[in-house]
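One structure is given here, and the rest of the page talks about it.
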């Protein structure tokens, strides 16, 4: 059944110099043919691509799959299915599972589970320090050999600068990027939202923007010291956008990423103690949101990544200051990002780059995209489709999205992974 | 006016008109406190649960007396008595209580927003008796009433709120209420205890009590809450008291008709010198007295009708 | 449209009050003076007016709000507005004339008696009403009655006083023509 002919579709992959209306044939897991007026053979499923657009499948650098350890929030099967519904064909899963992915055995476990249950490609990210405790380096070399594509203590910051320097030096030797979650643990202690007018009015302890800036600045200096590739995850402040901009001007190997919620929402969403607006780093004020958008526009921020962080109701339907950080994001990422194109902050080509080419560059992986004989990893999208996101219909096990009931434009209709149709909205 | 607020969660929901109405109703209940039989049958058959996740003697007792004077059945549940100490979630605790059909839940909780959360999940009426560093609406109402008893008009008064503004729910509720009535408000304290954004409440800020004390008609002292502070944002209680404590010497510079307030319990010798706390211009006990009447008024106003 | 028929005009109402004042004086001759306590809202106004019509011994005036003693809280969705209960004399051992505008089911008077008892133990309480319209649900009767009317359940008696209403007099509202 894995033979498809997509007819009259706008095939869009500027990296491969493609932006044309035509037909694309999928066969035996690969893109078999790109052309005009192709005829379907008897075993092919023909798909009408009229007024639709075909993208290379998206890559998410930042997903929490929760398996092993927190299967009540998400599993590799459900998380990757949600990713497929969002047009993703590759996702990188963060190390903060239970047990933590801080050794090759866990890495192999995740990859084996993914082999059996995942709808799409899963690339694990290993921990920088054992147990994410910030005390002792994890076995980074062995994790890389087992299949980890990057290392990160995501969710925690390695507060000991000496240890961080060691980690970056060590990672550089193994040519693996270090992805950082940047929040000064002391400055943000007990904080549950952005420090500003809203936190002041709500009586909630805030996390000042500077808690992020300080660590980003430190890690940029450590990147300069060690030569290690620093990828700053989920940038939320004007200060860190500026720091990354300057680092790039200096020619340092520093890249940055933004999450859709940080360029879509502000701390105003936390009013009424809405725990679905509680995340780390927190939703910031409007000026920070605009700075993140500006960072995406001028290329300072290379990547859009979801920080898909599923949580069960017992973690979210509770007191704000006790609620878990994070929201689901795989299914809404494309439409929320496409809003930047509609607002003329990004070109469609730039948006696609931040969802495909650039994340692969961060991981030093080869980009194939849409070309003959490449694996058929594709997303069929209707850019004009107006739709309402209903979290009750999510493929994720969790329901913690602040975008429930939102009106969005741009909808992923189908996703293929290695020639297999892994998502079909019909 | 018809008082149709289902819950009392924040002063920001209450208009000046609504507050005036509460005060008017409170006046009726003040009369009852002077009677030989301090009890009326208004809430006979209604159940009020005082759900206190944080320790409190004054506020809990005040609500308890208020409920009992209205003939409601008042049940007190403290953190140690509730299953919260056994790891039950707030919502589960509340849902279990609701299965017993209370009419009004008076909630004190260490987390800002907890009463709002309960109001969204339960049928009972909710009164916020203090939530984290967010609000303490009944305290603000009794404070305003006390000021009005002594100063007639609140509009035009200059009120100082002195102390740990950052962590004070009393400060937040009072800032909102006083501004609604047209008072001028200045918050005073060490800069490390006053968030920058406090100005969005429409208040002035000073870090030097001695310098501005002559401007105030009313001085509200806040309790230094050692239990709520993490790292202490000031070096010692002694130094705090030297700069932000109210003593007779400092009061010499104040207006002759200034009045002093404190939500209690007072750390004597820290925020307020003992001679000041007991002086005739100290309204601390008037506040307590008005507390019962205000809470009677609120229980009465929320207690009407069937469960909605 | 509800039918409305005027029963007493301003002058007739005034005459009725004169008559009631005379009856109070008459009663007092044998029993001694009363303190006058009006039930909010119109009973308070009537008590004030009656006091001004009376001569002789010094009588005190009081007002009573019965809302905290009502037996129908559960039916109303919001609580009634409370008015001032003000009785400046010791209720204990006093002789009280309770005053209201219309006597109907008797429930208001029941509440008023309870409210009064919480303030002290009077020696005697008498009841004066401007209009007794019948329809009692409790065993309560007035001692002094200005006007007795037989009114059906579908009708209402309205006393309007110029202190709080636009007009003055007694009206019969609703019912069949």
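Letters A, B and C mark the chains as written, and numbering starts fresh at 1 in each.
Note that in this section a residue touches a chain if its C-beta (ideal position, glycine included) is under 8 Å from a C-beta of that chain, and two chains touch if they have at least 3 such contacts.
Just so it is clear, the structure is predicted and the values come from calculations on it, not from any experiment.
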Per Cα centroids, the chain farthest from chain A: C
Most central chain, judged by mean C-alpha position against the global CA mean: B
Euclidean distance of C-alpha centroids - chain A vs chain C, Å: 76
Centre distance in Å when chain B and chain C are each reduced to the mean of their C-alpha atoms: 41
Separation of mean Cα positions, chain B and chain A [Å, integer]: 45
Chain C residues within the chain B interface of the complex: 65, 67-69, 73-79, 81-86, 114-115, 118-120
In the complex with chain C, residue positions of chain B that touch it: 2-4, 24-25, 27-28, 31, 35-37, 39-43, 45, 70, 300-301, 303-306, 308
Interfacial residue positions of chain B with respect to chain A in the complex: 89-91, 109, 111-114, 116-117, 131-135, 169, 172, 195, 197-198, 200-201, 230
Contact footprint of chain B on chain A as seen in their complex: 189-190, 195-197, 199-206, 272-273, 314, 317-322
